[in-house]
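Taking it in order: structure first as C-alpha cells, then the write-up.
As written, the chain order gives the labels A, B and C, with residue 1 at the start of each chain.
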Amino acid sequence: MKACEHMIQLILFICAIIAVLGVILISYFIINEGYPVIRKVGIWEFISGQKWAPTKEIYGIYPMIAGSLLVTIGALVLGVPIGIGCAIFMAELARPRIVEILKPGIELLAGIPSVIYGLYGLTVIVPFIRKVFNNQGFSVLAGSIVLAVMILPTIINVSESAIRSVPKEYKEASLSLGSSHWQSIKNVIVPAAHSGITAAVILGMGRAIGETMAVIMIAGNSPLVPESLLSPVRTLTGNIGIEMGYASGEHQQALFATGIVLFVFVMLLNIAANLIPKKAGE
Amino acid sequence: MRIRKILAFICAAVLLIGAFTGCAPAETKVPAGNKTEEDGVSGSITMNGSTSVQPLAEELAKVFKDKNPNTTIDIQGGGSGVGIKSAADGVVDIGMSSRDLKPEEKSLKEFKIAVDGIAVIVNPNNKVEDLSTEQIFKIYTGEITDWKEVGGDSGEITVVTREEGSGTRGAFIELTKIESKSEGDRTVASAITQGSTGAVIATIAGDPNAIGYASFGSAKESTGIKMISIDGKACTEENIYSGEYKISRPFLMLTKAEPTGLAKAFLDFILGEEGQTVISGHNYLKAVK
Amino acid sequence: MNELSESSITSGSVNKIRKNEKTAFMFVWAAAAITVLALIVIVGSVLVNGINHLSLEFLTKEPANMGKDGGIFSIIITTVYLALFSLLIAAPIGICAAVFLTEYAKEGLVISLIRFGIETLAGIPSIIFGLFGYVFFVVFLKFRYSMVSGGLTLTFMILPTIIRTAEESVKMVPISYREGSLALGATKWQTIYKVVLPAAIPGILTGVILGIGRVVGETAAVIYTAGSSLGLPDSIWRPGRTMAVHLYILASEGLSKGNMYATATVLIITVLIINFTANRLIKQFVRP
C-alpha cells in the first residue's frame, strides 16, 4: 500500500515538473539553434544592426526591436488610460449589476482569437488609415490600435483586482476627511494600488510584444526602422513568423536568435511583473 | 449529475471523432511516398511550397484523385523557399518551387512541370498600361516614387513585394536586374512584404497606388487587378513562349531522393499527357511544348 | 491633506472640485464605454458580414478550390480533432500537476521552481511555440506536419491554464472533506481520487474548456506544426487545417470575402459558446 502511494506521488511529481521540463526543452532548443549566429555576428551588432538581409548574411534586428517597442508603446498609450479608467469604473463607480454584465464581456474580449483581431484590422482599420492619411495603411498606428484592444482585458483585470483590494479603510478615511469620491480615488486609492496597476501594465506590455498574427496582418512587415506612426513596421514576432517557413541554415539560426531576444524580453517583463507586489500595503 | 452528463458527452464525442476519422496511430507513420505499393495508387503524401504552384497542384491532385480514389494528397503553401527547405528536411514528400534551384540546392531531384509568366499588376483604377523594364527597376529600387513620373496620376507608389523565400520574388528580381551580383537584392526596403501570391493580389486590389508582381496563371484568373505590359509586350501565353515577354520561370516539383510509390505515380501523372493538358487548361504553359 | 483643506475653504473651490469630479467620472465612464464598444464593434462587424454567407451547406460541405468555394466541414472536424487531442494529453498531466502542487508539495525550492516554470510557460509567445514545435516535433522527431506535432505543441501551450484552474478548484475543496475521508480510513490517494477530485471537477472542467478555447483560437503555433492542408486528416499523423488557420489564409490571400467572414463568424460563435459555458460553470459550481 505504501509503495503504491509512493508510486502515485512520483507520478504526480513528474506531471508537475513537465512544465519545467517543457521550459527547459524549449529554451535549450531555441538557444542551441540561435546561439551560433549571435556568436558569429556579435550580440551587440545583432541587436543594433540596422540592416536585415539574410540572403546577404547580414543580420541586424534593430529595426524589428524598434518596431516591437513602437507598436507596444503605442498600444500602451492607447490601452492603459482606457484600461485603468475601465478598472476604476468597475471597482468604484458601477453598480454590481453592471459589473456582472461587464465582466463576461471583458473575458470575451480576452478570448477572441488574434486572427479575428487581425481580420478586423485588415478590413476596417487599415483601409481607414489609408483613406484618412492617404498612404498604404499598413502602419505602426494600425498595429497599436489593434494591440491596444487586445491588451485591454489584461490591464483591466489586474488593475481592477488591485483597486478592489485596497483596504476599505483607506477610502473611508479619505471620505471622512472631506474629499469627494473622485479625490479619494485619485489621491488615495489609485496610488495605493499603484503596484498592482504597474504589474498590469507590464503584463499588458508582455502580451503586446508577444503577439504575432494580428500584427503580421496589418503592420506591413517592411524591415525598416519606422520613421513615423504611419510607416510600415516589422516586429520581432513578425520577423520570425514571416520568414520561418523557408529559412534554412544560417538564416534559420538567425530567426532563432531573434527568438532568443524575444524570449529574454518577455521573461524580463514577466519577472518584473511578478516581483511587484500586487496588493496595497505589501 | 450534470457533470457526469457533460463528461459522458465529451467521451462520446471523442469516440465519434475517432471512429469518423479512422484514428489509426502509428500505422501510417511511415511516409506513404516511401511505401512500395503494387501499383502505387493508394496511400498518402504531403506537399508544400510555392503559392504560385499551389493552385495548379491542387487542380492536378483533384484530377488524379478522381482516377485513384484511395489516395490522399495534402497540399500546403508557404512559398518556394518553404518547399525547397521542407523537401530537403524530409518533412514533405514533394516540395514545390517557382524558381530554379540555386547551386547549393541542387542535391534535390527536380521535375519541371510547367512554365509560368510573372505578371506585373496594378490596381484597375491606375491609368498606367505599360512600363519599361527600366521603369520597373527604378520603381522597385526606389528611384521613381510617384506614379506621375511614369505617366499616371499623381500618387505615391506603394511597392509590394514577396517575402525573401519566394520563388516568384527570386525570379522577378533576377530577370529585372533588381538583383545584382555585387549588391544582391536591391528592392527598396520600404516595400510592403506579403507572404503569398494571393496576398499580393489582395493588396493591389485594395490600394489604387500599389504595384506588385504575381504568377501569370493566378493573375489572369483574378478580378480586381490589372496586368500591365512590359516594354510593349503584354503578358500572354504566346509572348511567354516566344520569349517576347521576358519575365517567366519554371514550376518545379522537388523530392529529396528518387520518388517512389504514390509520389512517383503522381509525378508521372503530372508529366504525362493528362497532367500537361490540365496545366495548359489553367493558363500555365506546358513544360515541354 | 493640505490640498484638501485648502480647496474646501471657499465655495468656488468646492464647485471646482465638483467640476473636476464630473469630468473625471465622464472620462471613466467613457473608458468603460469604449471597452464595451470595442467588443461590440469587432464581434459585430464579423457577424454582420458573415451571417449572410453562413448556411447549413457551408458547415457541411468540404472546402473546394483552395478555400475559394465550398464550405468548412473538414476544417471544423480538424479543429475539434486537434483540440481533443491536445486536451486528452494536457488535462491528465495538468490535473496531476495541480494535485501534486496542492496536496503533496512542501513549500521550498522545488515548488518555487515548478511555479516559475508554469509562469514562464504561460508567458511564452505563441510564435516561439510554433518555432519550437516545428524544429522539435516536425523535423527532429520526424513527426512531420501532423495532428501529433500540433497536438503536442498545443499541450505545452495550454498546460499552464489547466494547471492554474485545476489548482484553484482543488484548493477550494473544503478541508473537512479530506479529513472526513481520512478519518474513515482511506489513504491519501484514495481521498484525492474519490473525494477531492470529484468535488473539484466543475472547476477543472472550466480550465479544460478554457484550454479548448485557446486551442481553437491559436494560429501561429498550429500553422507550423499541424500544417495547413485542406482535407480531413485520416489519422493523427496527417496534417490538417483548423478554423483559425483557414481564416488567416483566406484573409491574407483574399480568396473569398464571403467565406472569410463566414469562417470568422463560425470561429467567433464557437468562442462565444466556449466562453459562455465556462462562465456558467464557474457561476454555478465554483462560486455559488
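By our rule, contacts are C-beta pairs under 8 Å (C-beta built on N, C-alpha and C of every residue); 3 or more make two chains touch, one makes a residue touch a chain.
Note that the structure is predicted; figures quoted are calculated from it, not measured.
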item: Chain contact graph, described as a line, ring, star, complete graph or other shape; value: complete
item: Between A-C and A-B, the pair joined by more C-beta contacts; value: A-C
item: Between subunit C and subunit B, distance of the C-alpha-averaged centres to the nearest whole Å; value: 34
item: Averaged-CA centre spacing for the pair subunit B and subunit A, given as whole angstrom; value: 34
item: Subunit A and subunit C: spacing of chain centres that average the CA atoms, whole Å; value: 16
item: Where subunit A touches two or more other chains, by residue; value: 245
item: Residue list for subunit C, restricted to those that touch at least two other chains; value: 252
item: Residues of subunit B whose C-beta touches two or more other chains; value: 89, 194-195
item: Contacting residues of subunit A [partner subunit C, same complex]; value: 1, 4-5, 8-9, 11-13, 15-26, 29-30, 33, 81-86, 88-90, 93-94, 102, 104-109, 111-120, 122-124, 149, 152, 156, 177-183, 185-187, 206, 209-213, 217, 237, 240-241, 244-245, 255-256, 259, 262-263, 266-267, 269-270, 274
item: In the complex, subunit A residues that touch subunit B; value: 53-56, 127, 130, 135-138, 216, 220-224, 231-232, 234, 242-243, 245-248
item: Complex contacts: residues of subunit C adjacent to subunit A; value: 1, 3-5, 8, 17-18, 20-21, 24-25, 27-32, 34-36, 38-39, 41-43, 45-46, 92-94, 96-97, 99-101, 104-105, 113-114, 116-121, 123-132, 134-136, 156, 159-160, 163, 187-189, 213, 216-220, 224, 244, 247-248, 251-252, 260, 264, 267-268, 271-272, 274-276, 279
item: Residues of subunit B that touch subunit C when the two form their complex; value: 3, 6-7, 13-14, 17, 20-29, 31, 44, 46, 48, 51, 54-55, 58, 72, 74-77, 89-92, 194-199, 201-202, 205
item: Interface residues, subunit B side, partner subunit A - complex; value: 78-82, 84-85, 88-89, 156, 158, 163-166, 184-185, 189-195, 206-207, 209-210
